[in-house]
Amino acid sequence: MPKLINKSLLPPKKYFMQGNIACAEGALAAGCRYYAGYPITPSSETMEHLSNRLPEVNGVFIQMEDEIGSICSMIGASWAGAKAMTATSGPGFSLMLEGLGYAVMTETPCVIINVQRTGPATGQATRPGQGDIMQARWGAHGDYRIIGISPWSVQEMYDLTIESFNLAEVYRVPVILLADEVVGHLKESFIIKPEIEIFNRDSSMSDKPFGTVQDDGVPPMPIFGQGAKLLVTGSTHNEFGIRKVADPVVQDMLVKRLCAKIDNHKDKICKTESYLVDDADYLFISFGISARSSYAVIKQLRNEGIKAGLLRLKTIWPFADEIIKSAAQNCKVVFVPEMNRGQLVLEVQRVLCNKQVISIPKTQGEAIYPSEIYNESKKYIK
Amino acid sequence: MEKIKLNRKWCKGCGLCIEICPKNVYDREAKVSTKGFKEIIVKNPDLCNQCQLCELLCPDLAITIEKTKKDAKVNK
Amino acid sequence: MSKIKITGFGGQGVILAGEILANAAVMDGKEGSAIGSYGSAARGGLTSSEIVISNEFIDAPFSEKPDVLIALSQDGYDKFVYTVNQNGIIIVDSGMVSIKPLPKQYELQAANIATSEIKSPVVANMVMLGALSAITEVISKTALINAIKETVNEKFVELNLRGIEFGFEKGKQIK
Amino acid sequence: MSEHLYKYLRPEAFPTPFCAGCGHGILMNAILRAVDELQLDFNKIVFVSGIGCGAWIPSPHFAADTLHTLHGRPIAYATGVKLFNPDLKVIVISGDGDLAAIGGNHLIHAARRNIELTVICANNSIYGMTGGQVSPTTPKYAKTMTTAKGNPEEPFDLCKLTVACGARYVSRYTVYHIKPLINSIKKAMTTKGFAFVDVVSPCPTQFGRRNKQPTLYEMFNDLKARAIRYETAKGLKKDELTGKIIIGEFNE
Amino acid sequence: MPKLINKSLLPPKKYFMQGNIACAEGALAAGCRYYAGYPITPSSETMEHLSNRLPEVNGVFIQMEDEIGSICSMIGASWAGAKAMTATSGPGFSLMLEGLGYAVMTETPCVIINVQRTGPATGQATRPGQGDIMQARWGAHGDYRIIGISPWSVQEMYDLTIESFNLAEVYRVPVILLADEVVGHLKESFIIKPEIEIFNRDSSMSDKPFGTVQDDGVPPMPIFGQGAKLLVTGSTHNEFGIRKVADPVVQDMLVKRLCAKIDNHKDKICKTESYLVDDADYLFISFGISARSSYAVIKQLRNEGIKAGLLRLKTIWPFADEIIKSAAQNCKVVFVPEMNRGQLVLEVQRVLCNKQVISIPKTQGEAIYPSEIYNESKKYIK
Amino acid sequence: MSEHLYKYLRPEAFPTPFCAGCGHGILMNAILRAVDELQLDFNKIVFVSGIGCGAWIPSPHFAADTLHTLHGRPIAYATGVKLFNPDLKVIVISGDGDLAAIGGNHLIHAARRNIELTVICANNSIYGMTGGQVSPTTPKYAKTMTTAKGNPEEPFDLCKLTVACGARYVSRYTVYHIKPLINSIKKAMTTKGFAFVDVVSPCPTQFGRRNKQPTLYEMFNDLKARAIRYETAKGLKKDELTGKIIIGEFNE
Amino acid sequence: MEKIKLNRKWCKGCGLCIEICPKNVYDREAKVSTKGFKEIIVKNPDLCNQCQLCELLCPDLAITIEKTKKDAKVNK
Amino acid sequence: MSKIKITGFGGQGVILAGEILANAAVMDGKEGSAIGSYGSAARGGLTSSEIVISNEFIDAPFSEKPDVLIALSQDGYDKFVYTVNQNGIIIVDSGMVSIKPLPKQYELQAANIATSEIKSPVVANMVMLGALSAITEVISKTALINAIKETVNEKFVELNLRGIEFGFEKGKQIK
């Protein structure tokens, strides 16, 4: 897939900005020109910012009647050629799942921002949480794959939104930015570089917009109005888009490819960051704002002479099992701090079968603080 | 060139053409076919007045009425 | 790394003050982060802002144990006064808060100053920032001024700057 | 169907998957006639549909861009297509269950917003595809799979509803009234704004069978008996209109 | 909780019936008097049957405008005192997830039947699948628990529907019957016994309808119109039902209790069935119709002298980890046949860390046949 | 509020969480007056609401059974409550965003089905709770958080809409027109069938501030200037009604 | 017994009562309270004509007008 | 355990026949299961029914390798004829299907019998069941009759029973 270098929209420099707004700017920088959404705390700033900014760049902004309409309209726009996005939080994300499955099935590039708050249900609407991790992976019916990404700073609300668009376009898959209320509302400094790496879908004409030679390939995606006479459907379909609702082979090949095009490219998709991992006896595995508190903790532990390290997952889905296995190889105990009752830890436990994997959950509608992680981990550090 | 084309592959034998044709142009075969119904036949093509009702209302798009010149404008 | 917490009730401009402070730090070439947290009702409830200023990447942007607590209301003071770091300081609007006898506590009547001297009760938050700048090394007055100029609606820049000045002077006195 | 319209079809999709005597095939024909008479560029039309028999009218039968979406959501998808590329003509074709039951909210909001869509409701007063359950347009007292003793609910008048939302062009015809129907679809397709055509399209299998009209012809006779022109209907009282199908254009 | 014995509604005898209809009859027998639903293949027969039967027993039937309305109206009815149910399939279930979370948060007893078809998206609407297993567990935002049950026969479509109502009432939790198209449409013989064990919610007056002394308890549930002045909310609330949307302690206690009231009672909730497990070298773990094919396979393997056994999960959620661990203790290889790309197997792998756990997935919109399981397992059987 | 109405309140829930000058408090008072004047049994009323400021009117302020549901869904919940126990009086109170944006479909279907509910829309023409985004009842050209240059869309007339669906009783008043409002709520509460009251309730914080009416009093002045009686409005042309708020009873 | 009860705990100082009272009964204190506004006072209780407007329109349900006998029926 | 598969096109009553067969087995005191599968379009497409009859709990209720295949249409015959168990038999409507030369294949013209003898083409399915009962031990005629009486709409019982009778007689002849 050819990589492009675009000029950034905003003048390159250091900014002081809110995460949700950096996300909106990241989207614009990535080429997003369609936004459909429905207000919800704590994600609304992204939409508010785009309601002003999109018209300035000839893009389209619409506040829809609900989240279902939002995701559907976004998918429609994507087939009309747009890089398209929506942003929401838990309750809205729950409503988008049928549409998410549709985007997966039709291989529609699009980006969904979920600024996670405290659930379940309406929960504590203004408070942070990280309880939608598993939902992003499993929330729609049937078998499928998505990409789920977790930013830990305002810088990454910008950078990883761009990354989300790139991945969506390359793999023709919905990408979910699993932010949380803290990074969404956090204001801090971040840098906009003069140039941005951009990937665009291959929209060349093809009579097989849903089939490839490889079992794990991504077909080209002509758009509406090009004369490709597209047959886009959420029903099981063959490479031409023709419905095949009773054909076992077509069903099997399709589902397998939808999974394989992500699974088999984990090495390219999965991004992690390691901090003092190499010699670590105690490995923290975390993401989003929890990883930032974990980072503070490993620094503190190192100060005390304890060999602690942090593996931070920028990519949560697909799950970076190989990277995790190799990072954990020599450590004694693995800690998984997260703002939920233990979701990521289940995956870590599955992957690190023979390790002691300790869950450090928090569900208090607050960020998980360094002191909490520190105190809990100390119980296992000798 | 025949005036009435009946696309048997598409026809499902609903019988609407028989009922609706003012000129009694259509009829059915005597025996049930392997498609499970008595196929439609164009029994009296010459009676057709090219009103196009059958063409417009056939739910399986199975009928074409070729317009002969003199009637060509009737349904504009 | 400095961790500051500003606390008050809704309407006192606590969140804005936090943002200006963090932004000022960024203008000073440092890293700065600000988190605002609203009370349950967002209207009159307890509000606070956590600011971290650092020369390098800020790890956890929280002020669990602040180095500086700036308290504009009784509720906030009561809730956070014992969370202050052992070497930390407290700057409190003693016109609004009945204080406890504590070391390293600086008192000024910010709301009164704002009302009587500046004729604008809403800039008590700026008075406190001005005092902070005088009392500690955390932030320079120039940086605050620049941040205000960049952030605040033009109409109110002047007013806010006066708040900073009054606070700075008062801070120098009580330092 | 006239052979000069074959160019709009994907022949491999025929015969259609519809039951013998399904009204949706007639509507299919009518839509293509309208497109043809207007000389629209078929490469610049996007047909959007939901889930249901009616939703299969364009997909896969039409040799144009088709977007076969989720049950109830075609109007939301269409909104995205149209807003991002206003040069495309966007035509929504879907069932009464799809557009008015689960999809009712998108319908009323698109009408309110006056998004330039042509929405054609293939209205058979029933859920055809799932086996004949009651729909929001099933007449009161009619028998369906889930109202064996007769529908206790009042149906929507979708034309009144969309007019109340501010739709620019609103009409109703039955597939039996084929020529005014084609003309009305043409008007809808050229409306600058939201256009809605409610097309009464018999479902002999799921509706007719249960209501003593087992063939399309019998259903036509019923439509003939019940149809009444909008202008005529205006003069009548509510109870005089019971059981009637008001046809015509609803905007004034 | 006091157990009642009810007379069955239908005359006790052997019947020949479709699974979906047996489910409807099971619901009636359990005391279900409210049904709200929206048609969808392959579950509609349940609703159609109830549209006729409920009025006969003074119950209420309504076909709603969509699945969201269905689950919400069901929850409303439950608070008005009804045993209430809805039935759907994948796409409809995806739409119900926000409501599901609400039912969890408000501790509303209710039963959701998901007759699984082939996904993702519209997929193959008339074809069987088991791809919504993980969705049932993780589909709503935030942290929560539900109970998920899997019938493998028409008999169990009846019995386990009754069981679902009992569990819903006892634990004040939504229970999801994870059926599949095969058991839903299967017609076979089954027996209605003269008497049925019934559990009803404790609807005694209480000023604490959302709090208990125990950390894992179930509070009494007064209903509307009793004068209890109920405050029911999907926001975080204290024991009285008062919203506490910024209180960390209340949030934590509530979420923990919602999880613990299920987790801590696994031993009572989890039902499994073992076939020739005791001496098995090769253990099959499966559920629903896949378990039936597995059952045929172990019989065939036993005929060949191979020690094969089957552990069948009637309860999928909560996950019966202890039972699985002890069943697998002495076996060499574990096989997990299922009609998806490998969902249950992930849990089994997590729990059976040191075993060889082989996934036998099928996503062809067809039942998984004994021959397929046999051939695949034979590769590992020496 | 008159002290004899205190018995309907949970005093511990006061002061309300609403902003100073929020119209929703006035509506709260009006509803309780109506209940009191009708001498309804408060133990047999269930108040159902969605999510939003308006949804907080009954929950937790009213000392009755309250069901605080999901955003957009109160009418669906209420349907379940009412159908299973018709002896309960079920009153839905929620915002314009809740009832008409995300919840629009439940609104129109409940009206069509004529479920006996009293639905009171606390209509501030904005999403108050989430910070002032445009709502489906925001007047054209008004400024909101997501329409900084003025709302480009036409709003719903929710009364026209519910009338078109067949609602039995439909009216609109502003909280300023407090006495007719109370009377209308009483009528709605005693309607045998679906009743809808659209209550214009100022939101100075999110709407007023952005549209040059920063206080309740100023918003009242605006309401006074724009209100026009239904009977009067009938005689006027569409453009003469631009910007007007039609108050009165819409059923004829 | 006072005729006008003002519930200060509930009042948020929106000022509507001041603006709306036809008899100029209400006013504000001079200084901002810790609640952040100048509290409302009942300055001229005796001018009140018991029209109840303030009671009905106070958005915080903070005003009760005790009816004196002679006016008791005014607002029935 | 017997596994039977009936196949034909939509409208031939394949599903109903399967259900009556399984139900009959239940009336005979056995276990019986039936699975119907509709083609993609449900209208005219390939349809089949899988029936299992057993003296004990039926494990997998599928007829992957049927002991008996009953074929009413060409498509179904072609699709399933080679899946038949090696000891299995085939009963085929040779009026509808051009058959392959295979052992253990019983031919009768069910549709023709139904049309000409019973004047009701729709009971060809019952003719096949009657023949099954005559040719194999799988099900008794009495059980079929009882099942029809219990399941079928009263108006059509007589017709269906005649189908069984004709089929049974024909079956005896070709056995």
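Order as written gives the chain letters A, B, C, D, E, F, G and H; numbering starts at 1 within each chain.
One rule holds for everything that comes next: contacts are C-beta pairs under 8 Å (C-beta built on N, C-alpha and C of every residue); 3 or more make two chains touch, one makes a residue touch a chain.
Just so it is clear, the model here is predicted, and its values are computed rather than measured.
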item: Number of steps on the shortest touching-chain route linking chain E and chain H; value: 1
item: Pair joined by the larger number of C-beta contacts - C-G, B-D; value: B-D
item: Rounded Å distance, chain B centre to chain E centre (Cα mean); value: 54
item: Intercentroid distance (Cα basis), chain H paired with chain D, Å; value: 41
item: Distance from the mean Cα position of chain H to that of chain G, given in whole angstrom; value: 86
item: Shared interface positions of chain C, touching two or more other chains; value: 40
item: Set of chain A residues in contact with two or more other chains; value: 65-66, 68, 91, 98, 102, 121-122, 126, 233-235, 245-247
item: Residues of chain F whose C-beta touches two or more other chains; value: 18-20, 70, 101-102, 104-105, 109, 136
item: Contact footprint of chain D on chain F as seen in their complex; value: 101-102, 104-105, 108-109, 112-114, 136, 153-157, 160-161, 163-166
item: Residue ranges of chain F touching chain E (in the complex, touch as defined); value: 10, 43-44, 46, 48, 59-60, 63-70, 73, 76-85, 87-88, 105-106, 109
item: Contact footprint of chain A on chain F as seen in their complex; value: 51, 70-72, 101-102, 104, 127, 129-131, 133-134, 136, 145-148
item: Residues of chain B defined as touching chain H within the complex; value: 12, 32, 34-36
item: Complex contacts: residues of chain A adjacent to chain F; value: 38-41, 44, 47-48, 51-52, 61, 63, 65-67, 91, 121-122
